[in-house]
Amino acid sequence: MTKRYVYISGEFVVEEDAKISVNDSAVLLGYSVTDSSRTFAHRPFKIERHVDRMYKSLKAARIDPGMSSAEMVRVTCEVTERNLEGLESHQDLWIVHTVSNGQTRLGPDPSVRESGATIIISNPFLDLRGWAGYYSTGCHAVTSTSRAIPAQSLDARIKNRSRMAYTLAEAEVKLVDSNAQGVILDVNGFVAENKGGNIFIVSEGELLTPTTVNCLAGISRETVLELATKLSIPTRETTLLPYDLYTADEMFFTSTPYCMMPATRFNGIDVGAGEVGPITKRLLAAWSELVDVDIVQQAREQR
Amino acid sequence: MTKRYVYISGEFVVEEDAKISVNDSAVLLGYSVTDSSRTFAHRPFKIERHVDRMYKSLKAARIDPGMSSAEMVRVTCEVTERNLEGLESHQDLWIVHTVSNGQTRLGPDPSVRESGATIIISNPFLDLRGWAGYYSTGCHAVTSTSRAIPAQSLDARIKNRSRMAYTLAEAEVKLVDSNAQGVILDVNGFVAENKGGNIFIVSEGELLTPTTVNCLAGISRETVLELATKLSIPTRETTLLPYDLYTADEMFFTSTPYCMMPATRFNGIDVGAGEVGPITKRLLAAWSELVDVDIVQQAREQR
Amino acid sequence: MTKRYVYISGEFVVEEDAKISVNDSAVLLGYSVTDSSRTFAHRPFKIERHVDRMYKSLKAARIDPGMSSAEMVRVTCEVTERNLEGLESHQDLWIVHTVSNGQTRLGPDPSVRESGATIIISNPFLDLRGWAGYYSTGCHAVTSTSRAIPAQSLDARIKNRSRMAYTLAEAEVKLVDSNAQGVILDVNGFVAENKGGNIFIVSEGELLTPTTVNCLAGISRETVLELATKLSIPTRETTLLPYDLYTADEMFFTSTPYCMMPATRFNGIDVGAGEVGPITKRLLAAWSELVDVDIVQQAREQR
Amino acid sequence: MTKRYVYISGEFVVEEDAKISVNDSAVLLGYSVTDSSRTFAHRPFKIERHVDRMYKSLKAARIDPGMSSAEMVRVTCEVTERNLEGLESHQDLWIVHTVSNGQTRLGPDPSVRESGATIIISNPFLDLRGWAGYYSTGCHAVTSTSRAIPAQSLDARIKNRSRMAYTLAEAEVKLVDSNAQGVILDVNGFVAENKGGNIFIVSEGELLTPTTVNCLAGISRETVLELATKLSIPTRETTLLPYDLYTADEMFFTSTPYCMMPATRFNGIDVGAGEVGPITKRLLAAWSELVDVDIVQQAREQR
Amino acid sequence: MTKRYVYISGEFVVEEDAKISVNDSAVLLGYSVTDSSRTFAHRPFKIERHVDRMYKSLKAARIDPGMSSAEMVRVTCEVTERNLEGLESHQDLWIVHTVSNGQTRLGPDPSVRESGATIIISNPFLDLRGWAGYYSTGCHAVTSTSRAIPAQSLDARIKNRSRMAYTLAEAEVKLVDSNAQGVILDVNGFVAENKGGNIFIVSEGELLTPTTVNCLAGISRETVLELATKLSIPTRETTLLPYDLYTADEMFFTSTPYCMMPATRFNGIDVGAGEVGPITKRLLAAWSELVDVDIVQQAREQR
Amino acid sequence: MTKRYVYISGEFVVEEDAKISVNDSAVLLGYSVTDSSRTFAHRPFKIERHVDRMYKSLKAARIDPGMSSAEMVRVTCEVTERNLEGLESHQDLWIVHTVSNGQTRLGPDPSVRESGATIIISNPFLDLRGWAGYYSTGCHAVTSTSRAIPAQSLDARIKNRSRMAYTLAEAEVKLVDSNAQGVILDVNGFVAENKGGNIFIVSEGELLTPTTVNCLAGISRETVLELATKLSIPTRETTLLPYDLYTADEMFFTSTPYCMMPATRFNGIDVGAGEVGPITKRLLAAWSELVDVDIVQQAREQR
């Protein structure tokens, strides 16, 4: 595999050497905004939409990136193109942005900047092996004990890197099953999100997902809703509870790398008949068609 | 000023070159634990207590530092001693620890480690000028709109670097007054903590501070409680509301760098008579005596 | 300017002499219901709808006004007509109702009445100068620390005069900017209402406002929703969070006196491009047309 | 009975003529602070303590009374003395303060003042007949459906006149029993307070009452705690739930006019044996002794 | 009246002798799921839908009934047919299922089974006299102090027999009026459900009922929504508050035995004009037509 | 082993035949109160205290048992003595009470009684083998996803049999580890209780347990607090969070059958050093001494 480069505030650095100061506000304060897209058959997916969302995050997070969103799209495509060189045709890349408030120092005002924003654009190789098996068997969805951070503390729609709460939630979930994927509830016990994805169920023919009051407004989530509409599958954004998941006919997660990950068990109980369901399959097929990549096939082959 | 070194997982690096990988879990996930101590007259203050607390944070955060707490104390003292060399006698240093879960990669399990824990020990110069004026005039304490992250999402006693919520809270506070210091409330509206400190009031002769249900169990907080007991000032850990702050006789923050920072206004209203109060002064004097450094004097002179 | 009269329980009194007993339940208990309408070009606006809403408030507040709603409309028009006499054509009046439970006395049952309900109908001169500038520049919307009273304590749809919480919230907001207008959140951190108005945003072409679970069901709010439907602007009553306001394209308040007040900053951050937006302008123009008064023009001229 | 005078912002007015403008912020906004004391045998009770508490309310309510607390005590005593003239020796008076933010007008800033603060001091005749029977039989304590306003909306310790929520709660309670006295729970279901009093129980020999997190810090409450300490009855400020009241041995309310009001039933269930208990009686006797008035006797005779 | 039989785990027992072990998990743990249907003119109503819902409850409650849902329907019809024998034509029966986790014993794991599931199918005589009067006069709806169990503790859609909270809520309601029917609020103060029924209001021509976030997804509720759609009455599942009930035009409960029970007072206040409303009547007539039984007539005659 | 008898409302029945009607309110409504004591060396332990607590539960649950508490103690001892006959000296018995509201029927008032209260007193053999191993190795404490029922829905101090929520919580916990014992959090995320026990930790030499705001006031809990006081171990009833358990030095559960059950892991993390701690051992030894039975020894031998 050829070397991949990371863009750091204007510089291109080989991934192994891509580092930031220990005084960066990303390190000292977890004060950084992020977004993750990917390529499909070497084409960036909805990159403007991703950057647009990241600029909403930046605005709400009071970070001035020092670069327009159009410029960000341009640079992102340039970096990604560079990293795609030499990649085999069945392989794809992440497109990961991290924008912090730049270097800072400990003092009475944590937003004091000793530098401009730190902008990191990287293209990790999209290794889907960890998820590949779930397309056929489904994963085991499990609720964590830790609850999602409420919006009045930090809105989940600000896609950020202060993610320790979500990392710990996922660790709790792994106590049940090392292959478990987390379902994080909010402080009311309503289904919120996965550590890095959104949650959908199919119930009596309808596709349901939480509103974004307690979760990220995922681009993959948006894509599934668009595909469902195209396929005339009724959709509704609503409040979901564990009961809904226990009694659902189908269930899946959505996220940038794997697009859709079926779940066939929830807290030890079969979802529906315990198999990947027909609506999940139709949506996944429609997505594959949309991007002209057989998503399941790629996950199995990739490497 | 002589160069200061940063210890990073066994290496000593000059501060300007102290960097960590963009794939460190501290950067990718905000998944790191921290603690801050300082020296007084070149002597580390309660360093065992600080390290002990950090090991509690590490345990609850499921991070294995790969080093015993005794060893951590030893290394910390060694690093600090090295950095104290050449420092003028009236100057002091921070002692800052950051321990992340090491390098990771994007995938189904965020706790997968590609390296051992990342251990950073640094000694930024203790520049107290930003706070110095508050010892005589008091600062303006202001409540933020954003609320403290509830313990069921992430316990504040795990002193961590996923601090974006607190950074944004502080930014909101600065809208009122660029010299404001934040009072963050919890989701019930109870007084929780400052972005990096604890909150005390004096009311009818009693020293009051929130229990640690919604805030960090600060070592400075602990020190003030000990000093008060020594001075026969009655203390109580309780639930505080903005009303208590509006009607308090005295108010102050506590934190590692400044020890105690008097607040003489709260949301635009004078605390007591709007002056630094006698109990605050007695406690600060007792602290100066304890560490054999005139804390106020040092803050003014230090440079 | 000619004298204006206040109707107090059957009597007409010159405004300066309009007084109520210190033993009135409005004074002793804040136990009174209110409603505010206005005239446009000397015509009362939606007066039946206002009175109808007030009678809902009265019912839920267990106050028997001793007068049918039809009679209330009749009396209101009579009072208003009287006060309109001699007013210049470009000037207009408030129509303000206050109905308390009448005189009471301190004792075991606060609903004991020593008199019939106190009914006050007044027509303060509609002085819009305080708001006039906002039509072109927009105001600065700012969140208060104090939270809206939850419906399980007192439903905001009972339009009442126990408004100290809202008055204090507005005072907090003025700490940020003396021209700030308050955005009061509910105890979940969801956007509720302004001290005397409702809140709207435009986001991706859609007009959004909170459901009435946590705010007054304003007649101005209702009017904007009707106008939007007429103009084929999609509308949705939903749950809004500060994030929605930070990332909105447009924002405005609605209330009886000013109809619509654009907001171009929210907590120090520009709403959209920081200018009054096109949908706001279309709605305001439609309202002007509806009432045959150039609302913006009137605010500027009125004096 | 001789005429009583009301002090209104410097004027003495006969009670029947004591009125305030309909534009007073007390009427328009419920924006006023209050306090109630009384005389015992013609001697004002703890009047400095009451005024001190009112000045805390005023501070937190951002109302400048335009008069020092010492001056307020002086004026209060003068008014009360005047009203005591001619009163029979077994009769006593309320001492009621109301301080509003003065006259205001409808506009963008509700705290705009068109006058100085409105200060009302009145001495209603202390008619205790409504409560007199409860000293021997106890009242029926009943929980309301409406919940106390949470402190993050408006702190109950700001003794204010925006009391519609509490008035409605009391009306709900009267649906159960026209002699019922209300027990208002907070939004967590914890016992908060009565519409105008505090709540105590005796359980296993200990005297318990809620902390002031959710209720007024009543002077009568304080007095009972002091008397209990004098009588060596252990006391604890804690969290109380309906279960505690159902299973208590004794229960009573405290408030300025009646001092202590025993409750012998709670939501239809006997408190203890359904009789006024021994600790209640001891405390009441101690209070009578403290003020040199037989409180029970007075309530029965007074007229 | 002829004897009725109860089916208990395969046995048919005369009702008087129908008993279960004191070690059954239904008795020891309240660990049982239930469902109630009825016959109309001797025909089971929506029995598949009821059994389907019960199987959702069983799944979420982790109880394996040891019998397929098809078999459950078959057995249920058999039992019911047997009990219908000899019944007069104007009389009908309940169809009540209770499925517990079988016998258990006290120990570290309460789900340990000492037997298969206990399945009870009974057909109590449908005695509607207690409700009959409400069809013409309406009942008095009253809120309880106790709040519905939140879904994060136990989802109300798991129709279960751990109903002590609901029984106590109903007892509280009876303190107001021995003919009162309970309106249980959830912990946010939102209208949830009746002890055994759902709640509807009619407001401005629209039929409103709470979403199932806080209440049972009743089959009667579902039937009313279907009938309304057939009758072109607009319907909406939403959040309801006491204010909505105070100001509603009509109100009714739904439940298996009585289908619809009008409420004409709510907490002592007339709902609408205090009479059974026209939309309620139309829906009830439509239901009678659907099942070919005059529901009101039957309730009056039945005996 | 000889036959044991169960007392059911005045009758003595062999355990296998001990049954109650399917129309009992315990079965139909989960409407029953319970209490569990045990014998030590054939002597009932704190039986008056247990019965006293049950009578508090009965009072708050509005169930009239039709028998005084003194009579209940007498009958209980009689039943127990009868069942102790023939038991080997190292064996002991449970003493389990269940009191339901008697037989009922489905109708508008669930508290209607068709019989007197149902009183069940049974003495299951005290088989401690399921817990015996934990005395030396400690169990694995695990948090459930389901949260404790809040007191405003049903106070946990009413020891009742509507325990489905707790049974399901325990089932969730067993997903992590079949030997796990549940730690149920309340809706704030605070540690509440185990499905049938209380929770203690030792932290910095102090013995801590939650206040009874969210959990049963266990007699075993009370006994441990008494023993600790005797042993001069400082105790505190407080608010505990998962963080406290992760960082505790020792942890144990208390409940009637096993008295104290050490926990050496919490959610996969060692409690202290992962071994049964010294204070736990001292308390357990003191309890053995108190009852003159070697509790650990008995658990291992009993059969």
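By letter and in written order, the chains are A, B, C, D, E and F; residue numbering begins at 1 in each of them.
In this text, a contact is a pair of C-beta atoms (placed from the backbone, for glycine too) under 8 Å apart; a residue touches a chain by one contact, two chains touch by 3 or more.
All values derive from a computational prediction rather than experimental measurement.
Novice: Enumerate, in label order, the chains that touch chain E and chain F alike.
Specialist: Chains touching both chain E and chain F: A, D.
Novice: Count of steps on the shortest touching-chain route from chain B to chain E?
Specialist: So the least number of steps between the two chains is 2.
Novice: If you apply the touch rule, which chains end up adjacent to both chain D and chain F?
Specialist: Common neighbours, chain D/chain F: B, E.
Novice: Let me have the rounded angstrom distance from the C-alpha centre of chain A over to the C-alpha centre of chain E, please.
Specialist: 43
Novice: Taking each chain's centre as its mean C-alpha position, how far apart are chain A and chain D in Å?
Specialist: Those two chain centres are 56 Å apart.
Novice: Residues of chain E touching 2+ other chains?
Specialist: 62, 147, 150, 152, 158, 185, 187, 189, 242
Novice: If I apply the definition of touch given earlier, which pairs of chains qualify?
Specialist: The set of touching chain pairs is A-B, A-C, A-E, A-F, B-C, B-D, B-F, C-D, C-E, D-E, D-F, E-F.
Novice: Enumerate the contact residues on chain D facing chain E in the complex.
Specialist: 142-145, 147, 172, 175-176, 185, 187, 189, 242, 267-268
Novice: List the residues on chain B that touch chain D in their complex, please.
Specialist: That would be residues 185, 188-190, 238-239, 241-243, 246-247, 269 of chain B.
Novice: Using the touch rule from the top, collect the residues of chain F that touch chain E in their complex.
Specialist: Touch residues, chain F against chain E: 6, 8, 15, 18-32, 36, 61-62, 94, 96, 98, 101, 105-111, 120, 122, 124, 127, 130-131, 146-150, 152-154, 158, 160-168, 170-171, 174, 181, 187, 195-196, 257.
Novice: Which of the residues in chain E come into contact with chain A in the complex?
Specialist: Answer in residue numbers: 56, 59-60, 62, 150-152, 155, 157-158, 211, 213.
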